[in-house]
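Just below sit the structures, each encoded as structure tokens.
In the two assemblies presented below, chain A is common to both, partnered first by chain B and then by chain C.
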Partner chain A sequence: MTLARNVYKALEDIVGPENISDDPAVLDSYRYSLAHTAIHIGPYYDTFTPRGEAVLLPGSTEEVQAIVKLCNKYKIKFKASSTFWSAQGYPSGENTIQLDMRRMDRILEIDEKNMFAVIEPGVIGATLQAEAMKLGLNTHLPGSGCSCSILAGATSYFGSGPSNLYGGWHYDNLLALEWVMPTGEILRTGSLGAGCGWFCGEGPGPSMKGVARGFLGAKGAMGVFTKCAIKLFAWPGPQTLPVEGTIPAYRVSLPDNFKAYTVAFPSWRAWADAAHMIWDAGIGYLAHRQFNMFGRDLKFAMIKILTDPTKTLGDLEELLEDPEVQKVTQESMRDFQIVLAGMTRRDMAWQEKVLDEILRRTGGWKVEAMNEPEIHDWALLYLIRLGHKNLNLVYAGGYDGCFGFLGAPDYGTTYVEEAAEFKREWEKRGAIVEAGGDCMMGPIGGQGGGGTCLWENFTCFDPHDKDSVEGTLEFFDACTELGLKRGWGVGMEKWNAAARGPDGRTPPKEERDRIHLAAPQPSVFRYQHRVKEALNPNDLGDAYYETLED
Partner chain B sequence: MALEDFAAEMDRCSQCSYCKWIPFDQVKSWRFAKNCPSIAYHNFNSYSARGRYAVARSLIKGQSGYSDTVRKIVFTCMTCGSCDVSCKVCRYNLEPLEMARELKFRLVEDGQGLDEHQAIIESLNKEHNTLGRPRAERGAWADDLDVPRLYADKAEVLFHAGCRFSYDRELQGVARTAVRLLKQAGVDVGIMGQREMCCGGRVYSMGYRETFTRFAQANLKAWDRAGVKTVVTSCADGYHAFKRLYPKLGSQVEVLHTVEFIARLIKEGQLTFRTAVPLTVTYHDPCHLGRQGEPYVPWEGVEKKIKNQIVVYEPRRPRYNGAWGVYDPPRDILRSIPGVELVEMERIREYSWCCGAGGGVREAYPEFSRWTAGERIEEARATGAEALVSACPWCERNFKDAVKALGDSLQVYDIVELVQKAM
Partner chain C sequence: MEEKRAQLVDIVGEAGVIDHPDVGESFSLDHELIPPLKPCFLVRPQNVDQVQKIVLWANETQTPLVPMSSGAPHFRGDTAPTAPEAVIVDLSGMRRILKINRRHRLALIEPGVTYTQLQPALQEEGLRIIMPLLPRANKSVIASLLEREPVMSPRYQWNLLEPLRSLEIVWGNGDKLWSGGGVFRGEREEEWRMGLVPLVGPGPGQLDFYKFVSAAQGSMGIVTWASVKCEVFPECRKLFLVPAEKLEDLIDFTYQLLRFRFGDELFIVNNACLAYILGTEPAEIVALKDTLPAWVVVVSITGGHIFPEERVAAQEDDIRDIAQRFGLKLMPAVPGCRGSDLLNLLLQPSSEPYWKLRYKGGSQEIFFLTTLDKTPSFVATMHTTANEQRYPVPDIGVYLQPVHQGVGCHCEFILPFDRQNRAEMDRTRELFREASFRLFRQGAFFSRPYGIWAHMVYNADAQTTMVTRKIKDIFDPNHVMNPGKLCF
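Right, the complex of A and B next:
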């Protein structure tokens, strides 16, 4: 179905002819391949999200509002996305127009004193961070990295990432919000709604954060968020990162109030204890089990490649034969990365002491090879800027996380070996990259008061290879089966199964209901159903805003 | 290669959009973080490397057909290669720049080229230059130079002026100075004068592979007849064509850009500067000298997989990601000129912003080309520099025109002009 010409013309009148297109080739560049899937709905060979009826590039809240009102008038669905990292940002069925928010990309204000920024959807982590650093501030970057929209992370998904530890999740960091609701009305939440500025998400004024975000973010399914304020936190470093090195081995040497350690432990129990102790003591700027995404067996060889501009993936096998690489690989089996950033010299000295004491108590150690200056400075830059997230897909262009142990550190560490062994067996079949079974990556602490880990076990495959994709899918089915049998629940490999099916479209209602009824807390979706009935009466979003009728 | 040969890459592009930004580690501000002029100006995803992979797939699968929009998407790519650099911060098995070129080749082969480019091809076929100027006037820039003409004489070193320097009177002093410097250094140098032909590089970047090949072969033949072992040029486009494209056709000629030659003279003490040039300057890395100026490494091989699904190549494939481009020689020259203060822009070296003259964009989309140059001028302005210096006549021309159109007072120089002032 294509848009009726009068509707197209009406949309064109809103954004101008240069900001709308329904050329099939343009529309096809707004379809997401479910064969490589960066997030939890595939993989399905040769399958794409459905083609939108048109793509629009709105330039202001007023334009967004006018588009949404028109959509209500003509009962056309709309899907807004800012940086298009995952399938969630794309249409899920016919009769949908795609809003690409990239023209609305201004940082409207950085309130240095009150430590927040007011941003539009197109502002990405890297640019906000760069501007914040000039003022001695920093932004939390979600795990998808600094290429992604900060507003999207805060309003429309988890917003979790390595700097949770110090910077909080973005659902915490979200302050006031400007929301073009699904009906086209504009709601200004929190302090903004009371005319008091942007500083608070919960009032004075309408406290609507939970309603607007829904469960794990609105995912582009409940209107369009056009501006938000986001909390910033202290940056005790230089105003601009003094980056050196030859691409891609960029690195940064920061003053000695910064340090990036890779720490490892003799047992998973010790690992979990250390994670808890870090939380208890309140040390650390960010912490993440980051480089393990390359796989337990491959990670140090990969780091050798990434820190040497003369090397490529073609050097991997030779590096794996290197006894030094093998030694470090063995030594860092149960590891994570932690960046310490001292607000003062004394603070830094204290944090160093605490970390040493934690390592002493848990029997852990610092992986010395990661302290080599070139590797250290590379890792420090990697973790602070989070600008290499496309390495998730380095091997062949496809990855997805499976399992996804979301809970206190002890939870993930209790099952990590079992899950790794399970994956290792599947790796032998050939469809997925053989990386050592344990490719689990995630923050060591997500929330205050004890730390929540979210560990996705990276599964890498070749999206161009039918056998690889189908084998991966088989593996994912097996993961789900195991997860249910073991009481871990459905893993990340199926997390969005209720929102998008194998054909790239919204699954039938019965399927969605089945999934939601089987969820640990179906009432969440019942609540969202009520919210949707009230705020989205024409049902112009998609099933990413998950609902269940009473 | 054919477009279909990139089918695997089209599927393996991870849709991450890194190709729309300078390498994130290098982002210093909101204002100068973008890298791809094409998507920065047109905004639809289709205008990025990521989008071009998707458009190409849509075309080869027959999901869409040619349209004015598709032509615009394909031919507004400057082939500046900035996407390629950013993509390869993380990826080792994609070649987005090669794919963008291949997409142009396909459209041209299918008769979908632009009229503006066709006019250039006609000029090339008839007059052997891309500027629509008479062939007979090509050598006039060197009338007062006492150097051998290598259609009649022989010399080991050829100075190739290129189309822009040959005909652009405002700029061609650069070529004359370069030849004088070569002579002063005792180099056995000659020129092709009136019989010089276009290198073909610019039409290659517009999608005319066959025309390029014809001109490259003709040049190689002429060089061979004249006993040329080394080609020196002051044109970054020519440098790239000779250094990276000609070897694929069998060329073994050494290729130097004037900046490499001058930097070498300075280093060896053969060139010293006596006159101070009190000027704060910023340096613009031409795409074809910087990130695309890496040495050519011959390779023939196949894809293979290790560890089940990791895509590598047998034998190891050379990696062009801008790591080894020509960045330091021009900076060394500027630093050695007394009085010159070099201040850097935010986007430099391998992640430089394009001048806007590449890929046939200047000729077919002048407004977009000017906007691209204007962005760079603003970036240069932000450094506090009085002058923007480059090492390519196409960059210089585009900047000069944009400065004029903007009514700006920024001075624009080729680096050789500053060398001449300092001598």
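Right, the complex of A and C next:
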């Protein structure tokens, strides 16, 4: 309890006594284990993010603004988070109060005709999707899954996911936004600032939305986003998803204008060719290399378990001995999933025909075992709803990603086997799950309409086992070393190294500077520094907004 | 002044410096409200190094720079200096198409590259770029995209800046930066094979650098190349027209097409606008206005490279069904306009004279962003105001272009006037001013605030103005880039 009483009282006056706490037990529940699923920062055994000075649950933009102004007055850092996905949503130093945005969870409007929704930070993907579907619309769900805040992904992090292809990633979908800036002033971008509604985030003139986020967002280090408008897209399905089945084998049977295929190819070149042809033709509602996250050797056995409520992980080894499972595993080595959704019957027929033609031209095939009704309907629900994120952790309770080739398909496909083989060798050492080396997953279309892919190689480990955690960290260090040697650069296993060190706290400035100076354009971080000086003069965020002094 | 001239000659050579340049006639009536100033010199850099040297020189000498990539006539006043002793930086000589790559559907172009130049080159590679409605033949592709000129095919517009991707930017402080994926410039063929190419627009990092030069009217920096995303050149395409007597009758139908992302080029025009597009001389335009339907949805259907005919046939049937549901007809021609003829026109830049000038020799534009459902009320306001200002309502061209996959709509009024007729010019100017204010008060979002619109929009949004100025101070601390524009 280090906040001065008068400060605590002032904060309490803003949000009310029921929405603030500095009880150590409560504060510790707002810390994050870096040994757990740390999303590209750890794993570091027995390390937690620093304890906040207090946690507040603001209920309105006005309350957020008042809190931020008070933070400026008393020079207290603040970190807002909506659904707390990963360590990035937590403080990385002392003298920080935490804003838990969950009370601001209203869908303020869905403009059916103009296809956008206005939401608050606490609105999760599942809620928005369910409401949108009632109106024949859908929302893109970032890879973090449907239980995460849509606003957080769109404004503050990445916003990429399986439905980038047709739905656009949330960089594209972010329209006007309301931003309590680090000084406490409120910026409303685009048409909103002009009093003309939420439909446009750009302008007038040069777009100040470009200050709010670039390729990535500021990860909670530059003020608080309190509302935003998100572009939606057509949902040519029922108003509610008719979900059936028993946990974990939930599935959905949709009309014939929906199909979820797993397609596979004889070579990586053919895989890349198919991706380009799909983008050129403009087919597909969603495309993702999804189930390979279970590993090239294990994925079909895992799908058999996950689609059969009578099976458990204990059946895995037996299933792996099944010749039929082995056959499917072999034929789906170079695969991805694609969902077709026809806006009309004719549209669906044409898309089906085009997909078949692409497979013919590339020598690819549909993995027929994935078309079994139970499996098909499970996969369809998985991909549309993205509600199975718990399965990221299914093997041992922890996972993290490494490598993460980002670029055109030719880039990832050139190196996938080398990176997979590298991991396969490390898997033999016992610290990480032996899954076949290639556990690479990511969107077929990193942005609307395609063009790029992302190859995140899932690495599963036991966060409660010191040897497993430390072995995984050793593996990640080796990945970085290989990436630098091969010219791939530092992989996603170190994406946050500039912002948080092994002790869970901001690394020393010298270390951050070293990383930023090694970037292809250090000036990017210098400009970010100047923007921080201009808009966050009291430096009340953390190092997740990456800067380099002149 | 002679010293300045000599310094510029040192940078771009004797042939690259023009004294007291005539930068072409401007058609903006705004100029009588905000008078432009005569520039001292026009310089023609040939590469990014020269551009950088010019900008650094401008910082040293406190000389205003006005970037310009397109040829005359200039319509909106953004290339007309509003500060004394300015130097025009004419980028039209940087007109190399650096790369066209079919696999990545990407082209790298310099700022002087025009649609007239780019489109045939793309077609040779089986590609095309989505175009604005009949750009001037000498219109720079990069300038058009930077100014967020709406494109005719909203379905490909994943964001408002599409199809613009990575840029090379020389900021007002003289720094060079590659935005988006521009650090992968694809200088080696190997990089193109590996997919290390400038495919990405946003970033890099946590700022969105290309948004700071977007719609900036040259006030932040100078773009020296850009990558632009292309589409497959369709092996089969058809254009249809859906007529109606009232604009309101077309709105829900258009929304349905946008919802399904049916149609490629997709927009709404009134009879006057369509007449200006189709007609070649005033008498023909008058006749066309009387013949054409009051309002028309223009929708093209394209088939790419796999089963193109079947794609077009399926979508034609679907759109016909949708039209029928709304009591409308999908037609290959309407009185005064055949779809195939219009398609041929739309696939090219405007022939000369520029289409907005054909009727009366002069034309004033009013355009802004809104949503499609609100456009009828803006049209009504425009007509009321025109009546009050004794401007002939039948002459008002209306062009409604859905943008960003239908989330927003560019609403444009075209007001032809006779430049030889002083009274008509005065009436048009007064209409322009009065209608601009009324539309603004009604909720029109002047997202690209040229001329007098800048005062309206920035005065109404203090926080945006403050942040925009802070960003300007970072990238152009000495305010050498096109001073006097926007809120600077």
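Going forward, the second predicted complex is superposed on the first by the 540 of 550 C-alpha atoms of A that agree within 3 Å, B and C clash if a C-alpha of one lies under 4 Å from a C-alpha of the other, contacts with A are read in each partner's own complex, and residues count from 1 in each chain.
The rule is short, and it goes like this: a residue touches a chain if its C-beta (ideal position, glycine included) is under 8 Å from a C-beta of that chain, and two chains touch if they have at least 3 such contacts.
What you see is a predicted model; the values in this text were computed from it and never measured.
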item	value
Chain B versus chain C as contact partner of A:189, first or second or both or neither	second
A:395 touches, of chain B and chain C: first, second, both or neither?	first
Which of chain B and chain C A:172 touches, first, second, both or neither	second
Contacts of A:282 with chain B and chain C, given as first, second, both or neither	second
First, second, both or neither for A:30, with chain B first and chain C second	first
Touching partner for A:8 - first (chain B), second (chain C), both, neither	neither
In the complex with chain C, residue positions of chain A that touch it	111, 113-116, 136, 168, 171-172, 175, 181, 185-191, 193-197, 199-211, 213-218, 231, 233-234, 276-277, 279-282, 343-344, 346-347, 349-350, 353-354, 357-358, 407-412, 414, 447-449, 451-452, 520-521, 523-525, 527-528, 530-531, 534-535, 545-546
Residues of chain B defined as touching chain A within the complex	7-8, 11-18, 21, 23-30, 33, 43-46, 50-51, 54-55, 57-59, 63-65, 67, 69-70, 73, 85, 87-94, 305-313, 316-317, 319, 321-323, 350
Contact footprint of chain B on chain A as seen in their complex	19, 21, 23-33, 35-36, 38, 55, 57, 83-85, 100, 102-103, 107, 123-124, 126-131, 145-147, 240-241, 243, 246-248, 250, 252, 298, 309, 312-317, 381, 385-398, 427, 430-435, 460-465, 468
Chain A partner contacts - residues on chain C that touch it in the complex	103-105, 148, 156, 158-161, 175, 177-178, 180, 183-184, 193-197, 199-200, 202-217, 219-220, 229, 232, 255, 258-262, 304-307, 310-311, 314-315, 317-318, 321, 369-373, 404-408, 443-449, 454, 457-458, 460-461, 463-464, 466-468, 470-471, 473-475, 486-487
